[in-house]
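Accompanying notes for the structure given below.
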Amino acid sequence: MHTTRAKRVEIIIEAPMESRLTNVLDRSGVTGYTVLPVLGGSGQSGRWTREGQVSSAGGMVAIVCILRTERLDAMLDAVFDVVERHIGVVSITDCDVVRAERF
Amino acid sequence: MHTTRAKRVEIIIEAPMESRLTNVLDRSGVTGYTVLPVLGGSGQSGRWTREGQVSSAGGMVAIVCILRTERLDAMLDAVFDVVERHIGVVSITDCDVVRAERF
Amino acid sequence: MHTTRAKRVEIIIEAPMESRLTNVLDRSGVTGYTVLPVLGGSGQSGRWTREGQVSSAGGMVAIVCILRTERLDAMLDAVFDVVERHIGVVSITDCDVVRAERF
Amino acid sequence: MDTVLTLAADNLLSPLILFFALGVLAALARSDLTIPEAAAKTLSLYLLFAIGFKGGVSVSGHGVDGDLVASMLAGTVLSFSLPFVAFAMLRVTTGLSVVDAAAVAGHYGSISIVTFVAATSVLESAGIASEGYLVAVAAIMEAPAILSALWIAARFSADTGNPVDARDRQGLLREILLNGSIVLLIGSFLIGYITGEDGLVEIESFVVSPFKGVLCLFLLDMGLVAGRGLRSSAKHLRPGLIGFGLLMPVVGAGAGLLGASLVGLSVGGTLLLMTLSASASYIAVPAAMRVALPEANPSIYLTMSLGITFPFNLTVGIPLYLSVARAVGG
Amino acid sequence: MDTVLTLAADNLLSPLILFFALGVLAALARSDLTIPEAAAKTLSLYLLFAIGFKGGVSVSGHGVDGDLVASMLAGTVLSFSLPFVAFAMLRVTTGLSVVDAAAVAGHYGSISIVTFVAATSVLESAGIASEGYLVAVAAIMEAPAILSALWIAARFSADTGNPVDARDRQGLLREILLNGSIVLLIGSFLIGYITGEDGLVEIESFVVSPFKGVLCLFLLDMGLVAGRGLRSSAKHLRPGLIGFGLLMPVVGAGAGLLGASLVGLSVGGTLLLMTLSASASYIAVPAAMRVALPEANPSIYLTMSLGITFPFNLTVGIPLYLSVARAVGG
Amino acid sequence: MDTVLTLAADNLLSPLILFFALGVLAALARSDLTIPEAAAKTLSLYLLFAIGFKGGVSVSGHGVDGDLVASMLAGTVLSFSLPFVAFAMLRVTTGLSVVDAAAVAGHYGSISIVTFVAATSVLESAGIASEGYLVAVAAIMEAPAILSALWIAARFSADTGNPVDARDRQGLLREILLNGSIVLLIGSFLIGYITGEDGLVEIESFVVSPFKGVLCLFLLDMGLVAGRGLRSSAKHLRPGLIGFGLLMPVVGAGAGLLGASLVGLSVGGTLLLMTLSASASYIAVPAAMRVALPEANPSIYLTMSLGITFPFNLTVGIPLYLSVARAVGG
């Protein structure tokens, strides 16, 4: 099956920032992204867990975005404007996709 | 620790197709897969979110399958029979696994 | 944007083992990890699904940990002490991170 | 006519409608008000549980009269045939593709259980009795329309060679018939029938007393979903489609009226069969269509069913059908 | 004997059992009916909350008599010792490995709170009183069996060198004792005891009236889980295991009867202690076993407990134990 | 003073407080007892739904008197101004940074609806009436404090150049005003007002009877969250902060008393406005602060609000405010 190299960016960020980040993604020209729930985690700001959160302020989400390599830099710049001042982690992986014209 | 190269395939597909896809995976000879929930996303068919869905028709799931490289092609062929006509995204990443005999 | 190579380790393990595994991670010197819910899956021990579980004994979670390459071996050793006797899958992927000093 | 207006006005100011409207407005205003998915599903399970059980108890009280089988039959015929009517109307009045039109048509042959419940609660307020077994008719009307829609799509569409292979087709049929909401509705109906009044007494304060309040919460959620759908799919709502979404329920209600007269249902029962025929599915059919007719655009059928026809029936439709049922039946 | 049959027949046609059966059938037929995980957990929290609270109120009403401590002691002894009986039986009648047998044995020493609740509701229907503090006995019986199972596994098993290190062992003990369901049950019991009838009046329409309906919904879910378990684990169900799953509850009930006689419980209390001893855990113990005895196969113990023993107690067991308790106590 | 103590003692032994305490203890003891997130959210939606609706019905009964507008105004002024008081106190008594102090101050200007509900239930037990429209005042007091906090942070903080750009600022304002809990509370209030007693009769057994029981369950969850917060954020709780968390509610209650006197509220209404002013937000404001003031440390404001001030108000505060309200009003 014919595949093409692309990038998979995974962003873990606070739930209240989700809509801001996806707005930025929409504007940065990526063709899509997927939001996954997160149960809990640990980082510089300590350990947390989703269960029994009265407020959604403490929760996080993971956003996965697959995009063509040439779009990566523009996307990262856009994302960092939002992520910078917030709790969050960004990682980038090489991947292969089928139907490259979609990305 | 001794590790072996393998492939990690991530498929994002509509929830109503989950059982069809996992049936196909079972038949294609992979040794396992994991299904993760998805909260929302955006793509060619627009933006959607899981919250408050009355019907499960609109939701999506992410399926992660780790498999030996030599099984990849057979697996992708099988998967595409299902994914093709449906909304969905497939990406493939190189990975390393321990206990390679499991995959 | 300046990025640095790192490792992304993904561990799928039974929910009752979550706290043991994250304790081990904390002790092994990683700077953080994220826990994602899992809906279902299939492996050597058969197929299972989360819905309608009366007990949490059957559920699984996915733990993602991004860490500097030089910490990988110590981390895998620590993790395997826990995972070995339990149902679970570990995969390691190369990735790039920004703000490498965090990991 | 006077009664229609009074009824409609009364109906419009009931908590049920108002909570639905609150949901629509909140979604249109982009409020972040949401009901968690697990809660929405659980509310809907509760409604099916309660309505099935009460229906069964009511049949156990009044006994199974000969009309039950006739009503079941009428429901099945309506569900099978309405998609053809809807498909013809859609092809004439809108520019939808064959596949999209078939998918929408399937929704209008099937039923909306919440619309049914809303009609029941209008009957209650008006003190009009109805046949308890119409719950079972509701359950039986969910599925046939799906088969009609698939047949229409296969028959009139050129592009799909052999969309679903034999193994999947069988699986699909089983899925449609063993759909969770059908199983729960029929199962609770049977349990209600078996345990009768004694059973009802035991769980009355779970299935009867809080029912309307739960329904309000559920309608709030449906309003949120409908509002979000309207906002994001406004572009699909060309006048032809909107017209169809308002006309088709009236046509369906007419067919239901015919069926009810043939069977000889009471005024209450007539209203319920009219409402079932007039209503469009938004739970079972969309899920089936994603699997069986993936080329059809879900935004279209979900918006039509939930954003146009559901509120129409809830506000104008049910009072209208009731006054017709009364005129004909009384 | 006549009474057993009548009781069993009555019991079989109660909504509780019928909804459990509906769940089993739906799962066996592969319907996609499911209760969301969050809802299932919440229903189970509700049951613990309500049953603990009502138990505490009832003790506050009748006062703490000397039997309370004796019953607690009896429960603890039963929970500690039944796993040894179960283990011996399993090793003789089945080919299970030491670890699997130990894990299963742990489940049968511990208790199933839903079985307990079902017995309570049979008592209510029959108008038989019981000691309120048996809820506390239920809570106390959850944990000791786990320790026995671990001890058995460590003692008789060769392959596991030192399965759990010291730090983890301590953690494990704390986890077992501070298990969420034990904490909620005991906590609600104490709150019920402290606030007494006044407290009950305040929250009666939450913890009393809808209780049975919620229980029906929960049993539907348990039926779904049991049915799915039976479907996927049928291969593990050799005759020896099935036999054990039917015999062990009767043996347990016998031990419970002995304990009840020594303590001098009422007929109702005797039934409840018998039921506790007869029932097998499917919430607390499986979770503990995954951590502490990961080599044990979860399909075996979950299927045994939920697929065989739970329905047996629900349908045949409880009426049987009640007629024995009556014969002995009356 | 005697009454305060009696009231406080009564209050301390109510199921509400005891379930909160159970949650705190369970969390401190590291029990794995948890309420699923979806359930916690649904319980909180239920409380907003029920309290808004009942408030609206009560206003529809008593009619809109001139005090409504005055009370709304008083609430708005209180919510706008209390953050300034809190900020000044925090800067003097604690070493918090400007941003952290502004964020905490925002929480104390806004309100906690559960504290309000607890005060309502104390009024009910004591048989004291209150103005139904205070529910609407509660809703209106949620948001202004957030704006004050942002203004304070922008005014006194050097480090944040232009934290939020124009587009985001607008979005933020809309988000704050259309926050789900405000929309649901106001919406239910209006629906209650429109449908009046007739509407209440229809859904009474959903919004009235089980209310207190649901509140117990919700308070259990809040106790768990508060306990977890205390455990993990104990290091942030320096004496100055604890002192602020206990003093600020009393200061707020004083301001509320002043407002209530100016408006001329009844004793019951005075207690409620005092309680609103004394309470600190833990749902709406934290979410807004994460977006608008991400530099502020969430552990600090959540622990202050939920771990110190909420239990203080629940146990000591409300009885204290009631006896003051009585002394002044009677």
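Residue numbering begins at 1 within each chain, and the chains themselves are lettered A, B, C, D, E and F in the order written.
Going forward, a contact is a pair of C-beta atoms (placed from the backbone, for glycine too) under 8 Å apart; a residue touches a chain by one contact, two chains touch by 3 or more.
Keep in mind that this is a model prediction, so the values were computed, not measured.
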Please report the minimal path length, in steps, between chain A and chain D on the chain touch graph. 2
Do chain E and chain F, two copies of one chain sequence, contact each other through the same residue numbers, with over half in common, or through different ones? different
Whole-Å distance, C-alpha centre of chain A to that of chain C, is 18
Taking each chain's mean CA coordinate, chain D and chain F are separated, in whole Å, by 41
Between chain C and chain D, what is the separation of their C-alpha centroids in Å? 45
Between chain C and chain E, what distance separates the C-alpha centroids? Give it in angstrom. 34
Which positions in chain B touch two or more other chains at once? 36-37, 47, 49, 93-94
Listed in rising order, chain D residues that touch 2 or more other chains are 34-39, 205, 209-210
Chain pairs in touch? A-B, A-C, A-F, B-C, B-D, C-E, D-E, D-F, E-F
For chain C, which residues are in contact with chain E within the complex? 14, 16-17, 20, 45-59, 85-87
Write out the stretch or stretches of chain C touching chain B in their complex. 10, 12, 36-44, 47, 49, 60, 62, 73, 76-77, 80, 89-94
Over in the complex, which chain F residues touch chain A? Could you list them? 34-37, 40, 44, 163, 168, 171, 221-222, 224-225, 228, 232, 282-284, 286-291, 294-295, 297-299, 302, 306
In the complex, chain D residues that touch chain E: 36-39, 41-42, 45-46, 49, 53, 174-175, 178-181, 183-184, 187-188, 191, 194-195, 199, 202-203, 205-207, 209-210
Chain A-facing residues of chain C, complex: 1, 3, 6, 8, 22, 25-26, 31-37, 61, 64, 66, 93-98, 102
